[in-house]
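Shared chain: chain A. Partners: chain B in the first complex, chain C in the second.
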Partner chain A sequence: MQSTKKKGLKRFFSFKRKYLAIPYSVFLALFVIVPILIILVYAFTDTLDDGTLIFSFKALTSFFTSPSKINVLVVSLFIGILNTLICLLIGYPLAYLLANNKYNKNKILVMLFVMPMWINFVLRTGATRDVLSFLGINGGNHPYLATMIGMVYNYLPFTILPLYTTMLKLDKSQIEAARDLGCNPVQTFTKSILPQSIPGIVSAAEMVFMPTISSYVISDTLSEGKVTLFGNIIYLNFSQSQWNEGSFMAFVMLILVGITMLISKKFDKGEARISANNLW
Partner chain B sequence: MVNQENELLLTSPSEKKARFKRKRDKVIAQFIIWTILIVMYIPILVLIAYSFTTADNIGTWTGFSFDLYARLFTSKTGNEIMVALGNTLLLALASSLISVILGTTGAIGAFYSKKRTRTAIESVTQIPVVNAEIVIAMSLTVMFVFVGSYLFGGANVFSFWTLLAGHVILSLPFVYLSVKPKLQQMDPALYEAALDLGCTQRSALFKVVVPEIMPGILSGFLLSITLSLDDFIVTAFTRGSGLLSGEKTIETLSTLVQAKIKKGPIPPEMRALTTFILIAVFLIVLGITIYNNKAAKKNKVRKGRE
Partner chain C sequence: MKRNAKHLILLASASMLLPLMSGCQSSSAGDVIYLRVLNSDDYIGDDLGEDGLEPFWESEYSGFSSVLDAFEAYEKEVNNKEVRIIYETFDTNETMLSSLKTGKSTYDLVCPSDYAIQKMMSTGMLEPFSKENTPTYDTYVSRYLKSQMEGITATIGDGSEDLHPIDEYAKGYMWGTLGVLYNPAKVAADKGLSEDEVKWDMSEWTSLWDEKYHGEMSIKDSMRDTYSVGIMGLFDEELRKIIADSGCFDEDFNLLEGKFDEAMEKYNPLLSEIFNRCDEENVKKVEDILLKLKGNVFGFEVDSGKDDIVKGLVGMNLAWSGDAVYSLDRGDNEGNQEIFYAIPKTGGNIWFDGWCMPKSDSLHKEEAEEFVDFLSNPAIASANMSAVGYSSFVAGDYVLDLVRDWYDPRSYEMYVYHDASNDPGCTWEDSDFVYDEEGERVLKDGTGIHEDGDDYGDIDMSKTIEIDGEEVGSSYERAVIVNENEEIVSLSWEEYQTYYNENIAESEDDYLEWKTVNLTYMFDGTLEEDLPDTLGDTPETNPYLFYDDVTETIENPYEDDGRTIEAGRQFFAQYPPEDLIPKLAIMKDYGTNNKYVLTMWENVKSNNLPIWGVVVFGIILAAALALGGSAFFARYAIKKQRKARKGESK
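Up next is the complex of A and B:
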């Protein structure tokens, strides 16, 4: 009798590998799931004067009836898409050249392109602002241009990395076969290189799009507060203690995140990002 | 014979033309690569160039001097910068260590769990990866206020520890995701063999599994450091009073520089620090590249032997 009890206790306390996931899961539950649930509660409630929350769609109606908030959504999406496109347009050919043995054999050069990621981005943003205002482009006269330049400067290294790793994996014999079978350079690109590099494009776009929309420092610094993106308005709502409005904006962002996640789900995201980071 | 034929071919006009074309393409490619690289580095390089003069603004040169480097260690602003640097490094190291331990154990645990548990853990892991940083920051802060007002009777819970939790959340999923593929690549027989040879479960884990997944752990650690060093939003939202030198609110490099550039140009002393940052980053990244190249070559040799 006693021995079975002892055994049971021992079994209960004995080490099992799957127990190792417990601290991780608890941490994620406490600091990821609970905060998001609280945000959802705030997004669909209203705070009374004594601090109690009552269920209400006030934040929702204030979002859809306020032209300035809709404007933030439109401007954010526009800048997000434009920045993603510019970064891809520069990053894609660059990554192709860097990964191609014919044009570049220097690994250190690749490293130089991603090195800005390791230099504090607020510092880089400040430097970009100071140099731009020396050149006569500042938030006062060209807020959108200055913001765009700052965005491209900041996010280009993030696009180069996933694109470069995809380019390294391009099936060279397939490209050669396309050429041998009579494809001209344009056809070779559209029929062989482009389809093969789509996972890289998707993970590059993913690394630029959402962070651009939700960025705070870059738009705030380079446009001198004239360009308001999602990040800026959430920050503003929060610093003015408008938690319900801020939470609803965060909820809208969560929906946007969900949409981009669904779009990129087909392309096995995450993997590319990690393999990109395993480069060094 | 073959050689002669080759030489003949090489010197034929069409081959010469092809060689010229290849060379020309390479020159154009190198030109594009270097132009983008230089344009990318202009702001940083300008900042560093102006660290050798004492002017308050970029664009005015008041003569060459090392004054700013001295001021970095002596002036009041210099002192602020140094405290912020200390905070930044302390936070990056602490949060990365915690992330690595939690993330690695989490990945191992999930790997040996039932499929349903694993899927659940992995979907939650994806949330901070894809989520916007500002939403992470805001939701954490709202929760901390909530906890402070309902569990601690209105106390302000913001401190170094809330900041640390915020940074751990930023990097934790990335550690998990870098360790996971290494676990999948691992030969499962190794662990069984260790048990058969008399290892306890725990020692088999430490002596067999951990060394196998070490590259994943290391890259997760590096990634955590990068994410923590670069963070502004989560820091700005979740910080409280500092651990070092009894500050009222903890300042990291990001928050300090942001506060300064909101009012004016980058403080001159910061330009001197930029030089050190660039050199340090360059050396670290160079070291890692060389190490990786060596490891890759070693792997190639090993594969060749097999």
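Up next is the complex of A and C:
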């Protein structure tokens, strides 16, 4: 009796690895799950004059019947996709070079590419605005161009970093084998390097696409308020106390995140990306 | 007894509040009252520098560097209370409103804008001020501003439909206008116009839509402000018609002699009605006109504009008067840019911010009222004004002195400037006046020193003259000078200008041509000293009148018809001339129409995907489809091959 009780106590107090997850789980519940639930509640309710909430699809209908909100969403998606593609086009070859010891001997180059991230991005955007207007590109005459330059500049480090870590892990022998077995450089790239680096591409795309849509400081500053992204319109609704409409749009954004997650999962099945499932 | 009870309640409420403020202040002092104040950023004189603020009451302290410290000392010495201010700031009315609605934090005083006060009042959030507890405010508040405030009414959220003037629930703090800040030299150079043409055009709201100013102006990324511009543009013709019909203005829309009161009474309400149109139909019209404006402007901004115009990124900017003063000063001091501020002659928006008390169980009503009343003392108001740059809601002698110091050329002529301008990079704003033992600014009547080579020392004004057995020197009433024959003569300032132009000025560019600015609407009835028995019609005989030497009179550059407009600068921005006052209106809360305006603003701010965007988007989508399709077919082909192989092997 005595011994089993002791054992039970011991088992109770003994450290298990999953206890390590407790701090984050608490954090997750407080700052992720609860806010999402609040967003859901506001998205599907309507606020009466005295402040009570009643279930309603008003926010949903007002979103889908408003051409300007849909327009903003389309423009945001467009800028998001374009930014992701440009970042990948610039970042991919760069990451490949950086990961190659021949070109990058002491990793200082990597630091240089990531360094802009160390400076507050609002400051950086303000400075970008000055540089661009010095070059004659400003929100007044080229709102989209200025926004795109700012976006690419800001999100390029986020593309390079995951690509770079994937590139470091490329299976060199497989690439060599492909070459030995008669692949030309293009085929080596498409049959060996590209498939191996897909996880990097997917996480890079994830890190660029959604933040681009929801960011509003960059587009606001660089386009002089002429390019409005989804994040702006959500903010506008909240600042005008239209919490239900604002929440519904935040919910739309959540769904978009979900969709991108699903798509990206499709691409990197079987790869050893750390999935959140292992935690629980 | 009653007093004790009150004291107890205060104590109780203070102790209730204490746990909320963990870490703010030491909680050891028993009867310390914590007054929680929420104000806009940079909106109070809490850093007055070395000289600081001299107390206006009998005090053992001197030279407060912050208005807040001064209040704490005032409460201790005059009201015998230990009050500590917990001062916090907010950035926009909207964030402040939602934090008050949702947050658990309570404040004793907040300082929102006119429409936000109205909104808070109608939701029953506000506690009314007691009628007799703000005597200083009632004494010194500008009659004009008070009447404007009384014109705004709201329900008080008690279920009844009764309208109460917001004056009962809020006390004004600062006020200003919304106008166009412009740099004529830059705009003229960019657009191939003459500077006079630019100045002339800026007296019309419709110029903002004019193709010739394309890409030159930034407007506010703020729903209400830009809406007000849309209204002024949309109803321009209607406004012109009623201005002409009112019979109070001449053909240039300047006030006719003695018609101020009539214009306020007859014209102002009509304007206010037009200005506050926000029903669905009119909002739609404003949307169309703002979309046009969007196509013609450089961009939208909320606070980068005031620096952009100094940097030369934009030539025109829609600006609040206080920001305008900041830009004008910066342009003068560092950028060497001569920037102007215009309120077009059909009028525009006047706004104010006021203190109000949100209802709560822990409200320190008495101390909150004392704080508001303290801020309304002209001595404190002028300190705040010089720290903040906006115009104070209260007038009075201190404010009058400040305005004279800042803008009236008589003060440049007669004050002695301490020579700080030897320091590199110093401007005359950095240099100080000389103070005598009593801390008074010294005039050139006997104690002055001449600064050689200084612009302000051309005429010796350091003598006194005997008039009616009294020794008098230069003052705002008379200029006492030593003329070219070494005689001491007393001149009116009118004569002084003539004397200067004839004897001192080297060319016509140096001529003194002072205009008279009438600020009766601001100072009437608030002055205690120096009031002559009968008010004359010159600044020498009427303290409500000022001289002004920066406002330019521009003749019509398009037609030789003798018509003129005034192109104003700092003084104009801080105190619009009397001609404009009846043409300014407050934009009230939109109430239930807010949703139309919000939709309008969303439509104005959103844009369609441009054509090239559609093309690029199409290409990307097509490429993605092609890629996905080919991958699918490749896989399909491999499967087929495998099947075929399997079949073969069988």
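Here is the rule we use: the second predicted complex is superposed on the first by the 238 of 280 C-alpha atoms of A that agree within 3 Å, B and C clash if a C-alpha of one lies under 4 Å from a C-alpha of the other, contacts with A are read in each partner's own complex, and residues count from 1 in each chain.
Operating definition for what follows: a residue touches a chain if its C-beta (ideal position, glycine included) is under 8 Å from a C-beta of that chain, and two chains touch if they have at least 3 such contacts.
All values derive from a computational prediction rather than experimental measurement.
Engineer: If we overlay the two complexes on their shared chain A, which of chain B and chain C does A:A21 touch? Say first, second, both or neither.
Structural biologist: First partner only, chain B.
Engineer: Considering only touches as defined above, state whether A:T260 meets chain B (first), chain C (second), both or neither.
Structural biologist: Touch status of A:T260: first partner only.
Engineer: Quick check on the superposed pair: does A:T190 touch chain B, chain C, both, or neither? Answer first, second, both or neither.
Structural biologist: neither
Engineer: Where does A:L85 make contact in the superposed view: on chain B (first), on chain C (second), on both, or on neither?
Structural biologist: A:L85 sits against chain C, while chain B stays out of touch.
Engineer: According to the stated criteria, A:T61 is in contact with first (chain B), second (chain C), both, or neither; which is it?
Structural biologist: neither
Engineer: Tell me the contact category for A:F31 with respect to chain B and chain C: first, second, both or neither.
Structural biologist: After superposition on chain A, A:F31 lies in contact with chain B alone.
Engineer: Using the superposition on chain A described above, determine whether A:V75 touches chain B (first), chain C (second), both, or neither.
Structural biologist: Touch partner of A:V75: chain C, not chain B.
Engineer: Between chain B and chain C, pick out the one touching the greater number of residues of chain A.
Structural biologist: Counting contacted residues of chain A, the larger count belongs to B.
Engineer: Looking at the overlay, does A:T128 come into contact with chain B only (first), chain C only (second), both, or neither?
Structural biologist: After superposing on A, A:T128 lies in contact with chain B but is clear of chain C.
Engineer: Can you list the residues of chain A that meet both chain B and chain C?
Structural biologist: Touching chain B in the first complex and chain C in the second, residues 220-221, 238 of chain A appear in both lists.
Engineer: What part of chain A is in contact with chain B in the complex they form?
Structural biologist: 15-25, 27-29, 31-36, 38-39, 42, 90, 93-94, 97-98, 100, 102-104, 107-109, 111-131, 134, 153, 156-157, 206, 210-211, 213-214, 216-217, 220-221, 230-231, 234-235, 238, 243, 246-247, 250, 253-254, 257, 260-261, 270-271, 273-274, 277-280
Engineer: Could you list, by residue number, the parts of chain B that touch chain A in their complex?
Structural biologist: Within the complex, chain B touches chain A at residues 22, 25-26, 29-30, 32-33, 36-37, 40-44, 46-47, 57-59, 102-103, 105-110, 112-114, 117, 121, 124-136, 138-143, 146, 165, 168-169, 172, 174, 176-178, 181, 201-202, 205, 215, 219, 222-223, 226, 229-230, 232-233, 237, 253-255, 257-258, 260-262, 265-266, 270, 274, 277-278, 281-282, 284-286, 288-289, 292-293.
Engineer: Taking the complex as given, what residues does chain C use to touch chain A?
Structural biologist: So the residues of chain C in touch with chain A come to 92, 94-95, 97-98, 215, 218, 221, 223, 294, 297-301, 304, 313-314, 594-595, 598-599, 601-603, 605-610, 613, 616-617, 620.
Engineer: List the residues on chain A that touch chain C in their complex, please.
Structural biologist: 66-69, 71-72, 74-75, 78, 81-82, 85, 133, 138-141, 143-144, 220-221, 223-228, 232-233, 236-242
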